[in-house]
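The first chain written gets the first letter, and so on, giving A, B, C and D; residue counts start at 1 in each chain.
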Amino acid sequence: MLKAGLIGGTGYTGVELLRILAAHPEVSVELITSRGQAGKRVEDHFPSLRGHYGLQFQSPENVKFDRCDIVFAATPSGVAMNYAPGLLAHGIKFIDLSADFRIKDIELWEKWYGMGHSCPELLAKAVYGLPEMNRESVRTASLIANPGCYPTATTLGLLPLLKSGVIAHDPIIVDAKSGVTGAGRVVSTGNLYSEVADSFKAYGVAGHRHQPEIRQSLCQISGTDDMGLTFVPHLTPMLRGIHSTIYVQLTDSSADLQTLFESQYGDEPFVDVMPVGSHPDTRSVRASNMCRIAVHKLAESNAAVILAVEDNLVKGAAGQAVQNMNLMFGLPETLGLTSVPVLP
Amino acid sequence: MLKAGLIGGTGYTGVELLRILAAHPEVSVELITSRGQAGKRVEDHFPSLRGHYGLQFQSPENVKFDRCDIVFAATPSGVAMNYAPGLLAHGIKFIDLSADFRIKDIELWEKWYGMGHSCPELLAKAVYGLPEMNRESVRTASLIANPGCYPTATTLGLLPLLKSGVIAHDPIIVDAKSGVTGAGRVVSTGNLYSEVADSFKAYGVAGHRHQPEIRQSLCQISGTDDMGLTFVPHLTPMLRGIHSTIYVQLTDSSADLQTLFESQYGDEPFVDVMPVGSHPDTRSVRASNMCRIAVHKLAESNAAVILAVEDNLVKGAAGQAVQNMNLMFGLPETLGLTSVPVLP
Amino acid sequence: MLKAGLIGGTGYTGVELLRILAAHPEVSVELITSRGQAGKRVEDHFPSLRGHYGLQFQSPENVKFDRCDIVFAATPSGVAMNYAPGLLAHGIKFIDLSADFRIKDIELWEKWYGMGHSCPELLAKAVYGLPEMNRESVRTASLIANPGCYPTATTLGLLPLLKSGVIAHDPIIVDAKSGVTGAGRVVSTGNLYSEVADSFKAYGVAGHRHQPEIRQSLCQISGTDDMGLTFVPHLTPMLRGIHSTIYVQLTDSSADLQTLFESQYGDEPFVDVMPVGSHPDTRSVRASNMCRIAVHKLAESNAAVILAVEDNLVKGAAGQAVQNMNLMFGLPETLGLTSVPVLP
Amino acid sequence: MLKAGLIGGTGYTGVELLRILAAHPEVSVELITSRGQAGKRVEDHFPSLRGHYGLQFQSPENVKFDRCDIVFAATPSGVAMNYAPGLLAHGIKFIDLSADFRIKDIELWEKWYGMGHSCPELLAKAVYGLPEMNRESVRTASLIANPGCYPTATTLGLLPLLKSGVIAHDPIIVDAKSGVTGAGRVVSTGNLYSEVADSFKAYGVAGHRHQPEIRQSLCQISGTDDMGLTFVPHLTPMLRGIHSTIYVQLTDSSADLQTLFESQYGDEPFVDVMPVGSHPDTRSVRASNMCRIAVHKLAESNAAVILAVEDNLVKGAAGQAVQNMNLMFGLPETLGLTSVPVLP
């Protein structure tokens, strides 16, 4: 039984990780930190967890992680990097669900995240935890940069096309839509029910932190730095779900895209290639670790459209973190992650 | 491994039952019937089930239930009663999630359901499957009338008070609110998104089928036929969830209501008595078999208010059916039903 | 053309008042104050108002209200009372949409609002601005306490019954439901989309500020202090709308309730008595100043149920304020308030 | 006072047209037809209209349109074309809110709408009623093809760019999102609340009827038939609103896009060009005839993104129809259409 610690467990990623770990047969959560809720019972903070956790939140200052085999961070940017060196030095594996270790180019990271990085020397060591792209590296990693929600669905939607070289690298257009939990449990006007319900909008057209993260993966997959990626995120009045609509231009118009995707993902437990002509809806993956993808080759043009959906809190965050943990500890990759999506 | 059959699996109760049974370690679903979808793969009808079921819907005419140990009916009123005699004659246990066997008074049933009953002789045999009220009878039953969604939350909210005799029997006022899945997958104008979203209304004030069902249980619990029950249901713009707000007048103003509830439900796995002063929200039980209850004794009056929430598709339907099945077959009552609520 | 000022126009009541006044043919909004948004253009704060207002928010310190005929306050509790003496001294009429002048009993007010009142001497002068109850007093008032959202729908639902003396005063049970804008534009965890969407809950069962306000009106109408009122508010995942479900016991079982309501409200422009058997939905009054009411006498009991719906931001706040203004200045009561509800 | 008739007034476009016309100072609605609701009072069908219409629905067979100056059709495809010849022959102006006269190429129309056209000779006579594109033709038209909801926002978003020739014609990618009322009041499983709430999906990727309609306008504006348009619509869990996100490649990278848009639309009453860097949300135009547009030139690329929002039932349907009517009868273009958007 693995002993797990959780740094920062009061947000939506935190409660989702606790939900998943409660059902995981090989993990026991031993400690949870929170500066703001220290001393409060986890069950009082999240009534949905009543009966599942006897723990209290602890102030991070007083915590000894020594008894943990694995620590997860579900914190705002700039927090996890302060814990990483110490944890690794003690031989504790660390999965960071925030963005601190996602971007290899330190200058790029510092530009987008607006702060200095406290341990740039660990960036090279960190493995980008998208198993469908980096599975073997994840198995041996001690530090995982768990991917962002938009990057997960988007990268999975483009991987077979870039790998096989059948699309142009410019333009690649990603029109992505997210449920409101994607913004976290941040108490701001923009996240109020009365601001976002029954409405729809784009945001961050001029630039969004997930664009360089996606771009980095696309470049890695295609082995080139030439990538004309436009990424526009939108806020949708729903709780969970990412829908990434991806527009590409084919360079090889005879390519059998459906077969390409099925070959790439045939053995993947958490990527479901839908039948030709499908339109996956986000609810079909609600509360599950599945990413469903449909690929449409358009008639009378060289364009193709890829539709990829995931639950941003599961495959886009906590579920993928547990998938990574399973790989790191030699457990079956799907352990604790096989629950059926909740529909409706 | 129990072999299960499902009559009518194309609605929301059906897909929820399939979701729960997919994760149940002691059940294998062997057949599913549907007149309208016969020949279609279950996974094509419900993409959320892709990878979990290889079955096709079968036309009910051609189905042999002999190999089933247990059959569930998730059908409109008036269908299950046609299957019950045959199934029971073959020694197959039967759980009816519809209302065909819920009301013992045949005239009352026929009045509310607007049809004749095809097997009134089975009504006495049918056990009302609310385990917290009738657990021992459920264990030995061969035919279960699975309770309605409103009746489950409401009866659980009143049981300790009626049993201990601390409230007046008139008036008992139940102001109940349901998510839209409570109306089933019925294709009608009233169930359209554009009719019910961002709006709220009462319905059935003059009379609702769940009123006599609730009244029957309250009378059974209190051992009297004197019960002044007003029940008003409301439609809420959300997918899942029942919130029953119950108003009673205390006859014993010194009664310690919190202790009453905690004593009654202390050992119940699926009833959670919240701390004094709580306001449970429906999301705290989403996709789980839990019913959470808070009891409020009002200051400066003899009134009390009970708040009871459940997921109408789980504790109010499919989850309770599986709980009953577990009891009927001597399995642990909570088997396959311990998943953590999905929040947010 | 009346010149109007608005104290605190950055919340939902503020923007709704600005929306209504923009279409009012006899009012010109001359100034709007806001501490937090001083210097910002109103149109930049509320893009929905683009093209309708050229004003900027002004810091309240620098504002001269002298040129105003009428001032509205759409502020948190405890702010409006600081402006009232000065405005009245200058002969400026004042409509307070907050709660500062709603409760006549100063001790009761101070207990519920948790602060001292700065001008209790004005309480007697303030007229409770529910025109259907106090129309003649409103006409001559200089200071209006604009009613709360729950009290408006609830009082209108009970007025004909109490006035005619056909119901018992105890118990009167009000189970009320509100959309999320009822909580204002307060930036708190509890108002986040991801906290309240797709969920339902009660709140304030132990006590809510609108209970004494409702009780005061019911006592005034019935001319007694004996009133056993239970009030439980609930939060509903929708933007606008109040639905008040009211349970009463008839003392005169032969009373013709429908006729009672139609007689009381036959000439009222903003109260619509629905046909017998109706279930008004909140969307049927969305963005309008109408309150729709249906009354149900229950069969086989002495109970009756009243359903009353309104838009909490219009008849429950800004619209009613304009209705009061029209009366105070001798304008047609419905001026600027006749827009058709927005459905769906 | 114009006398208006409405063919098919029981859907969402119908009720919206009735809402707008109720407030129009120069129009009186004289008759409304409906096969299904004949004999029913309009107010009973739409309680939101209570007090505004005394009419009953009439069966279309019995209706004489002679006394009408203008007739609107808010019917499914294939109905309006049967009325057009007769109405025009009687000198009655006709605005078709359905798609019967939108596409000039009869073969293309018949392919997409799956039926023969009953009066192809009228297609040349029909004016495509997008005033910002065809204002002068609208003024003198007797038959208006009122544009579709997606085409309105999309064409307005592209018009300045195509007219000035600063973008490539291929690829032009339109990723459009609609609220559920865009699907009409069609009683189908796909439109149920429990199917579309809290979920998001694309549809019609292989082809959607609005694609050829948009393409036709883009070709007309640019004077070419070379137009590589990809159009993907999505269904969003909200009532009203279209958000069109448009991706184009600039051929002239020095073009000042903001000035282009402001010049084109500076005098337009119903197109609002937002400040540089804006992200309009659909609620900012709710229940109004406004289309708000923001244009973003992306850094380090030749790409631009245009965001255009409208209320699909107003500028995308009923409001635009009234705007066209105003033009056809020499009334002020904005008459009856100046109401402020309802936010939140």
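As a working rule, contacts are C-beta pairs under 8 Å (C-beta built on N, C-alpha and C of every residue); 3 or more make two chains touch, one makes a residue touch a chain.
Keep in mind that what you see is a predicted model, and the values were worked out from it rather than measured.
J.: Sort out for me whether A-B or A-D is joined by the greater number of C-beta contact pairs.
T.: Of the two interfaces, A-D and A-B, more C-beta pairs touch across A-D.
J.: Averaging over Cα atoms per chain, report the distance between chain B and chain D in Å.
T.: Those two chain centres are 45 Å apart.
J.: Averaging over Cα atoms per chain, report the distance between chain A and chain D in Å.
T.: 39
J.: Between chain A and chain B, what's the gap in Å when you average each chain's C-alpha atoms?
T.: That gives a centre separation of 36 Å.
J.: What parts of chain D, by residue number, touch at least two of the other chains?
T.: Only 12, 181, 194-195, 197-198, 237-240, 280-281, 283, 286, 344 qualify.
J.: For the protein chains shown, what form does their contact graph take: line, ring, star, complete or other?
T.: It is complete, because no pair of chains fails to touch.
J.: Which residues of chain C touch chain A once you look at their complex with the stated criterion?
T.: The touching residues are 12, 180-181, 183, 185, 187-189, 191-198, 237-239.
J.: Once bound in the complex, which stretches of chain A touch chain B?
T.: Against chain B, the touching part of chain A is residues 12, 15, 18-19, 22-23, 46-52, 181, 197-198, 239-240, 272, 274, 278, 280-281, 283-288, 292, 338-344.
J.: In their shared complex, at which residues does chain D touch chain A?
T.: Touching chain A from chain D are residues 171, 173, 175, 177, 179, 194-195, 197-203, 205-207, 228, 230, 232, 234, 236-241, 243, 245, 247, 249, 277, 279-283, 286, 296, 298-299, 301, 303, 305, 307, 309, 344.
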